[in-house]
Amino acid sequence: MNIRQLASKLQEVRDRNPLVHNITNVVVTNFTANGLLALGASPVMAYAKQEAADIAGIAGALVLNIGTLNEVEVEAMKIAGRAANERGVPVVLDPVGAGASAYRTETARSLLSAIRISIVRGNAAEVANLIGRDWAIRGVDAGATGGDVVGLAKEAALKLGTAVVVSGATDIVSDGTRTVAVHGGDAFLTRVTGAGCLLTSVIGAFAAVCEDPVEASVAALATYSVAAELAASRTREQGPGSFQIAFLDRLWSVTAGDVERLGKAEEIEG
Amino acid sequence: MNIRQLASKLQEVRDRNPLVHNITNVVVTNFTANGLLALGASPVMAYAKQEAADIAGIAGALVLNIGTLNEVEVEAMKIAGRAANERGVPVVLDPVGAGASAYRTETARSLLSAIRISIVRGNAAEVANLIGRDWAIRGVDAGATGGDVVGLAKEAALKLGTAVVVSGATDIVSDGTRTVAVHGGDAFLTRVTGAGCLLTSVIGAFAAVCEDPVEASVAALATYSVAAELAASRTREQGPGSFQIAFLDRLWSVTAGDVERLGKAEEIEG
Amino acid sequence: MNIRQLASKLQEVRDRNPLVHNITNVVVTNFTANGLLALGASPVMAYAKQEAADIAGIAGALVLNIGTLNEVEVEAMKIAGRAANERGVPVVLDPVGAGASAYRTETARSLLSAIRISIVRGNAAEVANLIGRDWAIRGVDAGATGGDVVGLAKEAALKLGTAVVVSGATDIVSDGTRTVAVHGGDAFLTRVTGAGCLLTSVIGAFAAVCEDPVEASVAALATYSVAAELAASRTREQGPGSFQIAFLDRLWSVTAGDVERLGKAEEIEG
C-alpha cells in the first residue's frame, strides 16, 4: 500500500467531483452533504422509489445507510442498488445499529443479499452482528471494543463477499486477502453525530474514482483521519461543536501532501 | 431544591452515558443528537414501528416530539411509549406547535392518553393548548407570554398527571405540588432552531439518571441555562450561528461546579 | 429598482417577523430554519396532509421544495398550496433537481399546474428543464452555465406565469416584463448544502412583506449576497464550515444600510 499513491486519490476526487447518491438517515443528511461538498464531491439525496434508479444510474457511487430506516426507503434502496449494479456503479453499505434491533440486522442482511455491495463500513459490533457473531452493542454507537478486530474484518469480508471497513480507534480494512490498518483520527469524531455515516459516504466518493475497494477505503480513511487530526489540533480546548466546523473546513483544505505526510496505513501480514 | 445536589446529576449523566431514544422532528435530529453527544449522553433515533419497541426497551429514556409528525411516526411513538412504560423507562413529551393546528393538539392529547408520560415540556402556548386553555400561539415558536405561567404549569401538571416544564425567559417546573423557577439562559436560544427540542431531550437524559421528574427537569434546565450563558458571553458580537456552535462546546465543557456556581433555581411557595 | 427602497424591505422582515411555512427536503430543514430565524423571520415546517392547510393558512408565505420529494409530501404540498392560494398567501417553488429525474420534472410541473405559484427559484438547468429546454444538469447542483440566462429567465417567466429567479454567479430575476440582475455573493455558497434552498425560503420571507414578486426577490437576493460577502471576507482562509456559521451570523447582523451600500442590482433593458 503506497501512501503517496493513495494520497493522489484525494486529488482525483477533487478533479472528477463524483456524484455520490446517498439514501441515508434523517439525522446526518445535512452533515453528509456538507462533508462531501467540502471534500470536493457532489452529494445527491434521492429516496423516492420513482427516481431511485434514475439517480443511482448517473451517480459515481451509491451509499446506503440504514440509520433511520423504514419500509418505503428500504424498497428505494433495493431499486437504487439494482440500478447501480446494472451500470457498474459501486455500492457502499453502512449497517447503522445492526444488532441493536432485529429489524436493522435483518434489513442489512436483506440488502446484502439483494444487491451486490462493494464495501461495508461499520463499527465492530455492527459488522459482527451482520455475520452472526456476538459483540457488545448499545444503541447505534460503538460498544466497548478490544476483541480481535482484524480477525473480524477478514472473516466478515469472506462471509459477505465485500470489502469490509471496521471503524474504531484504529480502522481495519480487509477484502479477506489483503488487510490494512489505518491509524489516526481523533476521539472528537465520536462526539459528532454522523461522523461514521459521513465516512461511509466519503468512502463512496473515493470508490467512484478508484476501482479497488481496499485502496479506495484506505485512501478515504487516511484523508478522513488526517483532516480530523488537523481540525482537533485547533479546537481541543473548545469542544465538539467547534471541532465539527473545523473538520468541514479541513475536508476542504486538506491536501494530498498532508495525507502523504501524516497518513498512517500499514498492511497487516496474512 | 439543593443546587449542589442537582449539579451532581450532570456528572451522573456523564458517568452513566444514558441511551436516549428520540422520535423527533426532521428539523432538529442532527442538533439534538449532537447536543446529547456533547453533554455526555448517547442519542438514538429510531422511527420504524418494527423496531420502536426494541429500541425503547433498551433506552434510559424515551423522548417524543411532534414537530413534524405524520401518521406512521405517531404509530411508532405509541409502540415505543408502551414498551417504555412496560420497562419503567421514563417518557418525555414535547408537544411542538400544539394549538397551531388541530392535528397537533389532538395528536399530543392522544399520546398523553395512550402512554404514561413522566414529563411534558413546551412553551406556555403549547402547554395551555394541551389543557384546553387559550393562549397566543403562532406557528411553532413561543407567542408573547406574560400570563400566569406558574399557575399554568401547576394546573397542567394536575390535569395531565405529569411533571410539566413551561419554557420561557424564566422556566417553570411543576408536578402540581412542588413548583420551581429556573432563571438564566440567553435570548440567542430563540434564534437557534431546535433549542427547545434539544432541551426536551436533555431533560430525557437527566430523567434517565434521576428518578424524580421535577429534580431531573430542574437539573437539566440549570445545566442548559448555564451552558447557554457561557456560550453567549463569547459570541454576543458574532451572532446565532457562532452561538449555536459555542453552545454545543459548552454542553461538553460545562461542569457541575459551573452549574452550582451559576445556576439559579428557586422553589416557589404554595 | 431603487436599492434604498429594496434595502428597507429587510427591516420590514425583521419588524413583521413573517411566518414562513416550508415543505422542504430532509437535507436542509435545519439550515433553512436557522437561516430564517437568523434573518428575523419565523420558520415552520409542517408536512402532514392533516395540518398542511391549517398552517399554510396562517403563514405569511409558503415555500415548496422538492429536494427529497415523495408521494405523501407532494400531496401535502398541493393541499397547502391550495390553502395558501385561497387566502392570498404567496407561494414560492424550488424545483430542486428538476431534470435530474423524470419524477422531479413531472412533480415540479404538476405543482405548477395545481397551485398558483408567485415565484420559482432554481439554477439555470432546473428552470430550463421546467420549460422543456435542454440544459446541462448533473444531480441537484448547478451544471456549467454560460448560456443565455437572461433569455431563459424571461422565457420561463412568460411560460410559467410566475416571477422566475435563476441563480448563478449573477442572479437573474424576471417576470417577463421587468428583468433585474443581482451581482455579488460568494463561491463558498456552492460548498454549503442548502444554500439555494435557504435562499428560496428567504425569498418567501420577503414575499410575505412585499407584494411585488420581482421586488421581493431582488431584495432577498441583495440581502443574501451581501451577507455572504461579509461572511466570506472573514472565513476565506478557513473553509466552508466556518463560512456556513459566519453566514448565519451575518443574516442576523446585516443591516439595511449594508445592503444599500454593498448590494448590486441593475435593471436590464428589455
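In this document, chain identifiers A, B and C correspond to the written order of the chains, with residue numbering beginning at 1 in each.
Basically, contacts are C-beta pairs under 8 Å (C-beta built on N, C-alpha and C of every residue); 3 or more make two chains touch, one makes a residue touch a chain.
Model, not experiment: these values are computed from the prediction.
Trainee: Between subunit C and subunit B, is it the same set of residue numbers doing the touching on each side, over half shared, or a different set?
Mentor: Counting which numbers both chains contribute, under half are shared, so the two copies meet through different residues.
Trainee: Any idea what the CA-fit rotation angle from subunit A to subunit B is, to the nearest 5 degrees?
Mentor: Result for this pair is 120 degrees.
Trainee: Using the average of all C-alpha atoms in each chain as its centre, how far is it in Å between subunit B and subunit C?
Mentor: 33
Trainee: In subunit B, what residues contact two or more other chains?
Mentor: Those would be 26, 29-30, 244-245.
Trainee: In the complex, go through subunit A and note every residue touching subunit B.
Mentor: Subunit A reaches subunit B through residues 25-31, 67-71, 97, 100-104, 138-141, 190-194, 238-242, 244-245.
Trainee: For the complex, which residues does subunit B have touching subunit A?
Mentor: By the definition above, subunit B touches subunit A via 19, 26, 29-30, 33-34, 37-38, 42-48, 50-51, 54-55, 58-59, 72, 244-253.
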